[in-house]
Each structure stands twice: as structure tokens, then as C-alpha cells.
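One chain, chain A, links the two complexes that follow: it is found with chain B in the first and with chain C in the second.
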Partner chain A sequence: MSASFVKTKRKTWWKDYALWFILPAFALYSVFVIWPTLSSINLSFTSWDGINPDIRYIGFENFKEMWNSPRVHNALINTIYLAIALVLLENIVALALAVLVDKVRWFRNLFRSIFYFPVLMSGIIMGFIWMIILNYNFGVVNQLLDAIGLGNLKTDWLGNPDFALLSIILSTVWKAAGYYMIIYLAGLQGIPQELMEAASIDGAGRWKQFRHITFPLLAGATTVCVMLSMIGSLKMFDQIAVMTNGGPGFATETLTYIIYRVAFGEGRQGFGTALALVLFILILLISLVQIKVLRKREVQM
Partner chain B sequence: MASKRLLKLASGILSASLVLTACGGNNGNSGSSSSPSPSPSASSGSSSPQASQDTPTPVTLSIGYATGDPAGKKAIEDVLDAFSAAYPHITIKNLSETTSDSYLDWLKTKDAVGEFPDVVEMRDTKVFADAGKLAELPEELHGLFSYLPSYEGKYYNAPLSANAPNGILYSKKAYADAGVTELPKTYDEFIAIQEKLLASGTSPIVVGGKDLWHMGFWVNYFLISQVYAKDPDWNSKRTAQTASFTDAQVVQAITDYKELFSKYVDKGWLSTADNQTASILVSGKAAQLFSGPWMIGQILEADPNFELGFYALPDREGKTTVVGLPGLSGWSLSSEAAKDSNKVEAFSAFVKFFFDPAQYKTFIENSGSIPSTSAKMDIEANEIMQQVLAIAADPGIQKSMMINQWYGENAIPPQFRNWYYKLLQELIVNKGDVAEYMKQADAEYDSNVKANQQ
Partner chain C sequence: MRKTKARIRPGDVVLFAVTLIVAILFAFPIYFNIMSAFKTNGEILRDAIAFPSGFYLESFKYLLTKTDYPKAISNSAILTAGSIICMIFIIPMAAYGIERKNSKWTNGVYIYFLFGMMIPFQVYMIPLFKQLKTMGLFGNLAGPILIYIAGSVGFGVLLYTSFLKGIPREIEESAEIDGCSRIGIFWRVVFPLLGPVTASMVVLQGLGIWNDFLMPMLVLPSGEPKTMIVELFFYVGEFSSRWDMIFAGTTMSLVPVLIAFLSLQKYFVKGVSSGAIKG
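Now for the complex of A and B:
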């Protein structure tokens, strides 16, 4: 009796104690993140312009407009296309790089650093650099094509709607792959060498070893990487804003880009918030499904 | 137990102080750029009739203006210094700061934290007038300007300058090499020159299409010469749905635009930024640029020996219409400051001082802009700039505005301009059908109007 009393008393006391440490962070987080997020749901039903104190409610008009707008549809398709392409490419390249730097004998730290360097750059800077590289008149790519006599392959990489999104995808893979490489590399180094030896004694070749041992055992790293790259690509904004401004025409507009343009460029906070809400729900759904699916294939040793 | 209680107390204090430090950081930042100055309330409180007659009551006037353009920023700063010297009783508190935000966002932020400037360079008059932040311009100042923009029948702005006329900036050498001896008198002659340039192996026109606003120069040349020159109220008719983008004259304008861009514009135009156009022109990669007088300095800076020419582009009948009316922007008085008669007086003194020919001449020369005042001035500028000023002052050349510069009844939905320019880019890259695309423009325009009315 008295023992249990002491126990519960101690427990509540601990709770109380922890509360004091959580409180400042929780208060700040509530004031600056949770409360604005929740109150913005409210704004998505208004036609607020971001400045007028008189906020008018217009019901579901914003969502109706979204449903009927070809521009929003185009952006949604681009967003999904970007997400799928980026998740696949980033992870394949990252995994390949990780296997490479794991196996390489000389200068392994040098290679690791080189592949990781692009990650350290901000998206804006990276966008500017690639914009210059891909420029039609002055860019390195077109000048190289000219120099090796392939001048007729010269393309306005960011100005041609057939290549603009592709150019953005490839440069983003170049930037982001190094980050996921580190995660995969950590996973690779956690795989016990004995398994590989056992497999090779059983006559498994390099590919079989990778297919049946390395890849399944990397499931944990894959979950994290796919998750992160999916979120990263769904919210990608800076590269697009810098490299193409959503153009040519509407060719490279994504949901995040439209949200920015509408809410801050055109002064339609209400519509922008409604779009952001839709993007939030989209990311939430995709992430939940993804975690469920990917967690299933993780194995414990 | 006691020590534990002490620990609990200490952790409580610690957490509280953490919260407070966070707030402290904010307070420190908000008051950063202001110099120590007498508080406005103190100065307004001590105003008595006798005092203002003998020695003027000291007044503090906060001021905010756009600092994006270095030449313009410097020119305004010089005026402010001269003004402070001439009116020692008026303390200018300069709130302007260079941020990465757009000027509108910066002003919104200032408004949100209660630091909306007393005197403000207003560029979005509609937004702030609708929100009740602006006072009307005092009557006595109206006479200073040759044309005063009004919004809903009221004057809010003392325009800093008129809109500069656009024109063709061309390489005299490329024209000579292509055998062009005379400047075009009609649009068809202009097209003939493009053919000659193509034949001589020069890319005729460079366009900085990566910057959407740069698209505006060409798009509005066609719209102004074929739509607005004949009907300055076309926009209001479009809003009322009595005019359409599928009207013959609009379709003709956009068809001309499409033809020009498909045939004569340098290939990389969609990834060329406005700030690259000068070097493409100077390097001889392209022969012409359609832009405004602010490019003259940039071009001559890139190559001082470049033989640059300038002319306003005529239409098919040989009539010239250029951008040149002042927009709905300029120095404005905040409605908050208008409640204090001393501040109103100081504002009037400032505007009179700013637009005084002795002062204004220097401002115009330094910022490279076009005067908006009615008083005559002899402006010192290079030969090409003199040409621009002559075009601006020539009553025979009609003045108009770009699609998004119209205001009042003729204002277009603010979100429409960029969308329209993007649509017109897509029209070129997809080799689309003009009438079809103009139907889309109608639909978007109407839905924008509807969205903004809500």
C-alpha cells in the first residue's frame, strides 16, 4: 500500500519536473508554429490580401477555384512528376555512390568529400550556378557542345519546356545525392562482413550479394532516405525560383512555387493558404503511406 | 526534499528566463536603425500658435522609400541631406532599409509592426488607400505637376517621376553592316530592317525573357500601339466584359508579337535575364534591344566605345505612342501623420523642396529618370538621354501606359499581368493559336476579377 503510494507520488513528481523543461520550448513552438498553422486553416476560407484588416469569408470558393484552375492542375502534375523522378534518381545515385566510396581503395575520404560538397551549398546558390552552366549564350554546356562539333545539339536548356524540368531534376540530384550517400554509407558499414563471406563461400556473385544481402539490410536507411527525399522534393522551391521562375510559360511551376507566387507575389494570402493546406495534406498522406510500406520491409537482425 | 524543491524552483526560473531571453532578442532588433530623435508625441504636444510663428515647432518626419535601384536610392539620400540642412527644425527619420523582400512586402511588415512611415514612397496606392493608410495630397501641391494620377477621384501621390518611354536601343555598327541607312518610319520598315539584319548574319533582337517583367516591353509596345493608343479605357471595358482579348485589334497585336518573337528574337531569350541583355548587345551577338533609357548607362558602362542609337518605335501607320504617363505612385502622406498639422506642414515643405527645379534637376540627372513636374528644366545628360527627354517632352508623341500601370477603373487584377506574360511565352514555345490563347486570357481575367471582388 505505502509502497505503491510512494511510487505514484514519485511518478507525478517526475512528470511535474519534466514539464518545467518542456514548457519553454513548448510555449515558443505553440506561439510561433502550432498556433499560426492552425489559424491559417481559418484563412484558407477567406479572400484576405495579406494587409487589409477587413477579412472576408468566402466559404469554399478558394478550393473551387483550385479545382477548376488548369494552372494548379499543371503544378500538381509537375509536383508529383518531380517527386517520383527525384526520389528514384536521388536514391539510386546515392546508393551507387555509397557502394562506390565504400569499396574504393585510394583517396576514399577525398571522394566522400567531393560527393558531399554540393550538399553544403544553398539551393539558391546552386540554382544560380546551374543557371549559368546551362545558359544558352554563355553557358559551359553549350560552349562544350560547340567545341566538340555538336553545335546542332545546342539547346536552351532552361528555356525549352521539353528540357527545363529535366534540367532542374538533374541538377537537384547532383546537389542532394551526397547527403543520402552518407546515410547509405553508414548503413553499409553496419552490415557484418561475415554475411558477405558466407554468401561468397556459397557461390553468390557480387550482384547476388548486393541483391539478397546488402539491399535488404539497408532497408532502414532506405526508409529514411526515401522519406527525406520525398519531403524534400515535394517542398522544392528555391531551385525553381532561381533557375526558371516557373517558366518558360508555366512549364516548371510546382505547388510550392504557385503558393509563393499567389500569396506573396499577387497578394492573395487567402488563396495561397488554401493551396498550402492542400499541399500539407498531400505531404501528410504520402508520408504516412510511405512509412507504412517501407517499415514493413525493414528487417531486424 | 528541500534541495529538490530548490531544484524545481531553479528549473522554473531557468525556463522562464529562457522564454524571456527569446523575447528580449526581438525587442533589440525592432528598434535597430532609428537614430535617437525627439518623440513625435512630445513635439506635437507642444504646438501652440505663437510658437509656430516665431520659431517653427520641431517636427520628426519618418520616411520610407524603395532602395532597390542604387542610383535612385543615392539620389533620394542626397535630397534628404539637403532638406535637413535647409529645414533644421524638421528631423528626418529614415526608416528605409535594403532587404531581399519586395518593396510592398517591406511596407506591409513596417505597417504590421506599427512603423508605417509618415512620408512614404507609395508604389501600391490602391492597396494602402483601400486599407485607409494614406491621406490625400494637400491642395497646394497639385499645381507642381503636369499630370497628377488619381485613384477613385482622389489624389494621393506626388509622382517622383514620369514613366520613361521605351524604345529600340541599337548598335549603329550592326545597322551599317546590314546596309540600314535610315531609321524606320513605320512598323513595316522596322520589319524590313530585321530581314536585312538576319541576312547579314546578325541575330536581330535580344530579349531578357527570363525576367517576366522584361516581357512587358514588347508585349506592351504591341498593346499600346494597337489597343491603348486608340482606346485608353480598353481595360475597364475588359473588366465590364464589353471588350475581349479575342477582339480583332488585340488578336492582331498578339499575332504581330508572335511573328516578331518567332522570327527575329535571339534563340536563348527564355533563359536570358534582363541584366544579360546589355552584354549581349555590346558583344555584337544581337543588334537591338527594346527597353528604356535606364539601360543607356549600363550599356555604355559595359563598353564606353559602343556606338549606341535610340529611337521610339512607330506603328504600321507611322504614328508613335510611348509609355510616359506617371503611374499611380509617388510620395504620399500617411493618414496617421495627417492627424498632426505640423507633420502635414512638414510634408508639404518636403514635397515643395523635392520638386523645386533647383533640387529636382539634380535628382532627375542622378536617377536618370523623366521629370513629372510642370516647371521647365535644363537637364544635363548625354546625347541619347537628351533624345529620350525630347520624346518625353514632345506633345506630338502620344503617351500611354503598360497593361498593368493603368489604375482606377482601368486597373487590371494585380495577379493578371504575370500570368498573361507567361501565357504569351507559352504561346511562342508551343507555337499556339493566338485566338485560342486569347480565349484563355479572357477566362483567367474574368476569374481574377471575380476572385478579387470576394
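Now for the complex of A and C:
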């Protein structure tokens, strides 16, 4: 009798509290993330300029324009180039840093902190520092080239369309590699030492150990790092804003950057929203494919 | 741990030397930034690598007395602290409701929240911009704070629910028998146990907000000082010949980050690895 009373009382009480606990987060998230995301579908079929209260629907015009616009194609190519280069370089550098930190005998924590610190910097600050380092007249890079007698290699790194995107990529590797290093390091430290010892007794050299034991066992960390660095590179914005503003010409204009420029610089918010939707679909597709492909080569322990 | 007092092999020295060189390359841009903040503009242009000749503080003085930078510093601080405090009130409670209730509808809400982690800000920024104007939130600090909280719900709920799974319910049940209300149980019994997640949350989200650029630039009123990062971005264009001043500004933005990192290092590292689990 009394037991069943407690039970029913408890049930209505549970119902109440979970609802009220979740409600504030639910409301804010729905109003400030989901609602604008859904209304972007609506807005992408308009020619809205951002100011005019009279919003005109133009059907698929924005998407047609995107399909035919050389500027959008250029941005897409830049984005793909940037994403592939960043994923490869960031992961190679991060893995190398992780191996160094894992194997070095002295000051291990200090080295880890040094490699990690750039991750904590804002893209604006990091971009400014590198802009000065790469400056044509007074930058450290060109001064060094002069000092070692390679002055003829000097160039305006950010002003030359051939090198601008490459300069942004390399400085971003400097900024981001430390983040992935932490993930690889956690993976490395999870590999049992006995495995290495057994391999070395069997006569496997350092490279063979790395190639056949360490690397396959890091597949889980690699999956995570490749995905995160791919999405990070697709969303990259701050460095481009401060270092080149998408220039020279359109040499460093990526999808994220063209969205911003078109919507807030040129007052074409309808077109900007359509581009943003395409970026979103691209990110969704890439994430799904990567999860599928990379999960296959993970080794279970 | 594993190398106990082994003798020093030449391989160790070589490896150390390689690591040291790489570390110098990595640390150089930060060294360059902080040194340049204490140099005159002429010194930066003459020799970028050298130590400053004196302890030149004019660029800091100029920045703090002749520009909008102090207002920008306070805006950055208010945005970061305000958003973090609200997040810590709202998100762990939602995660607790989801994890402990564990019914069909709360699982649905959980998936709905996680979906938000896949949506980049650039996807919804244009409609959001429009929406803030109609809601009357455009041009004050409340708008960005609400946006930051909403944007962190997915990641935060994921972090908190996975941690809550490891906390046994028995503790709560005994508090319940003692007649504690559900909200009392949460704040007095459960929340203190969530300390490590809360620390990671504060550190990672706080850093993200402190360093954020695009959103505050778009939604804070033009013509008034915005946040430190946004002002620095404008200074790069405006004071293109006063590098010393911009370096003083970046140093002021980096120092709190450096202090937080040195004192809370393990939470930064933990946050990265827990964030990585979601893959």
C-alpha cells in the first residue's frame, strides 16, 4: 500500500523535473541555432539584400548562379586545396610532434606546452604575427633569406597570388598541429610497451615498429584527427580575414570567406545564404564518408 | 615511467636536439610578439629578432589612454564571464535531466542537441543576424551571450552526460530520502561531483569566446568599440604603420590566456581528449 503510493508520487515528480531542467537549454538552442538554420533554407530562395523589408523570392536563381559563377568555382577549388593540404600537413606534423614528445628524455612537459600553446591563440592574432613575419620589406623570413644568401628567393609572400594560400596553409599548420598532437599523444601512450619489446626481440627496427605496430594502433586517433582537421579547415576564417582579406584578387577566397564577403560586403544575403547551405551539405557529406572509410581500418585491441 | 635511470645514449641526445630545434621554431612567433610589444616601431623594423633595447611602454600607454581599447577589454571580459556563468547554470541541468530521466523523449532531445555540433556558425549567421534585429537584441551584449550559450549546448550536453553516466545514483537516492528537492539534489549533491567537466567546459568555451572574431564583429554595434580581437583586426587596417601598438594589444589579449593555460593546464589537455571522443 505505502510502497505503491511512493511509486506513483515519484512518477509525476520525475516528469516535472526533467522537463524543467531541459527547457532553458532547449529554448535557447532552438531559437538561436535551429530556427536560423531552418530559415536559411527559406532565405536561400530570395534575392534579399539585408536591408529591404520587401523580400523577393527568385526560385532556384541563386543556385543556378552558383553553378555558373567562376568566382564560386575558384572559391571551391581553393577550399578543396586548402582542406587537403591542411589535413595532410597538420596530421603529419602532429604525429611527428607527438612521437618527439613521447620519446624525448628531458623537459617532456615543457615541449608539449610549447607545441600546444599556438592552439590557444586567436586566428586574428596569429594571422597578424605571421603577416609581419612574412612582410616583404621587414619580415623575418625575407631577412633570413637575405642573411643566408638566398635573397633571390625573396617574395611578397602574402601579396603574390602564387604563395598567398600556401603561406596561410603553413602558418595554420603551425597554429593547429598542437591540438592533434595531444590526441595522437594520448593514442601513443595507450600502446602497450610489451608489444614494442616483443617486436624488437623479433628483430624489427624502429621504422618497422612504427610502420607495423604504432601506426595501425593509432587508427582511432587518426580517424578523429582527420575528421576534426577537415572540418576545421572548411570553417577557417580569421586568418584569411586578417592576412589577405581573400586576396590578392580572389587567390585566397574560400567558401566560408565568399559567404561573408557576398553577404556583408556586397549586400547579397540571399545568395550568401544559398552558399552557406551548400557549405553545410558539403561538411555533412564529408563527415559521413570519412566516418565510413576510416572506421574500416581501425584495429581492435 | 618506463625509462628509469637508464644511461644516456647518443640517440637520446640527438632526439633532444631535434625536439629543441622544432620547439624553438614553434615558440619563435610568440617570442617575437611579446618582444615587439616592448620595442619602438623603428626597432621592430630594424631587427625583428633582437631583444628590445629598453623597456618601452609607450605603445601600451597610448593604447590604454588614446584609443577605445579599454572599453573593448571590458566588453571581452563581460562577454566571456557572462556567457560562461549562464552556461554553467543551464547546460549541466539539461544534461542531468536527459541522462537521469533516460526515456524516449529525453533521448530524442539528446540527438536533437548533438545535431547542433555539426552546424557551423557560418551556415546560420545571416538569418541569425536578421533575427537579432527583429528581436531587438542587435547591438547589445545580451545578443552574443545568448548566441554563445545556444551554440555550446550540443558540445556541453555531450560532455556532461558522458560524465554523469559514471556517477552512481545511490548518492542522490539517499539525499532524496532525506527530503531534498530535485533541484536541491542537483546543485548540492550532483553538481559538485561534476567539477572536472565544469573546469574543462569553462576553459574551452571561455577560450573560444575570448578569441572569437566573426560573430561579435557582426552583431555588436558599428561605430562603438567591440571586443579586443575585433578592435585588433580594425587596428591592423587603421594603424598599419604602428606595429608596436598592435603588438602591445595582442600581448594584452594573450597574457590572460597564458596565465589560464599555465595554471589550468590539465583541464586544457583533458578537454581536448574528451572533445575528441565524439568522433
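In the analysis below, the second predicted complex is superposed on the first by the 281 of 301 C-alpha atoms of A that agree within 3 Å, B and C clash if a C-alpha of one lies under 4 Å from a C-alpha of the other, contacts with A are read in each partner's own complex, and residues count from 1 in each chain.
In the analysis below, a contact is a pair of C-beta atoms (placed from the backbone, for glycine too) under 8 Å apart; a residue touches a chain by one contact, two chains touch by 3 or more.
Just so it is clear, the structure is predicted and the values come from calculations on it, not from any experiment.
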{"item": "Partner chain in contact with A:L284 - chain B first, chain C second, else both or neither", "value": "second"}
{"item": "Partner chain(s) touched by A:P36 [first = chain B, second = chain C, both, neither]", "value": "second"}
{"item": "First, second, both or neither for A:L228, with chain B first and chain C second", "value": "second"}
{"item": "Partner chain in contact with A:S200 - chain B first, chain C second, else both or neither", "value": "neither"}
{"item": "Touched partner set for A:G267, first chain B, second chain C, both or neither", "value": "first"}
{"item": "Chain B versus chain C as contact partner of A:I114, first or second or both or neither", "value": "second"}
{"item": "Chain B versus chain C as contact partner of A:Y136, first or second or both or neither", "value": "first"}
{"item": "More chain A residues in contact [chain B versus chain C]", "value": "C"}
{"item": "Contacts of A:P53 with chain B and chain C, given as first, second, both or neither", "value": "first"}
{"item": "Residues of chain A that lie at the interface with chain B and also at the interface with chain C", "value": "17, 20-21, 24, 28, 50, 131, 138, 264"}
{"item": "Complex contact set, residues of chain C against chain A", "value": "2-3, 8, 12, 15-16, 18-19, 22-23, 26-27, 29-30, 32-33, 36, 44-45, 48-49, 90-91, 93-94, 96-98, 100-101, 103, 106, 109, 112-113, 116, 118-131, 146-147, 149-151, 153-154, 157, 182-183, 186, 207, 210-214, 218, 229, 232-233, 236, 243, 246, 250, 253-254, 257-258, 261, 265, 268-269, 272-273, 276, 279"}
{"item": "Residues of chain A that touch chain B when the two form their complex", "value": "16-17, 20-21, 23-24, 27-28, 47, 49-53, 56, 58, 61, 65, 68-69, 71, 131, 134-138, 156-161, 244-251, 261-262, 264-268, 271"}
{"item": "Chain A to chain C touching residues, read off their complex", "value": "13-14, 17-22, 24-26, 28-29, 31-37, 39-40, 43, 50, 97, 100-101, 103-106, 111, 113-118, 120-126, 128-133, 138-140, 143, 174, 178-179, 182-183, 186, 193, 221, 223-225, 227-228, 231, 234-235, 237-238, 241-242, 256, 259-260, 263-264, 269, 272-273, 276-277, 279-280, 283-284, 287, 291"}
{"item": "Of chain B, residues touching chain A in the complex", "value": "8, 11-12, 14-16, 18-19, 22, 102, 104-105, 108, 111, 127-128, 130-131, 209-212, 266-272, 276, 280, 285, 414-415, 418-419, 422-423, 425-427, 429-430, 447, 451-452, 454"}
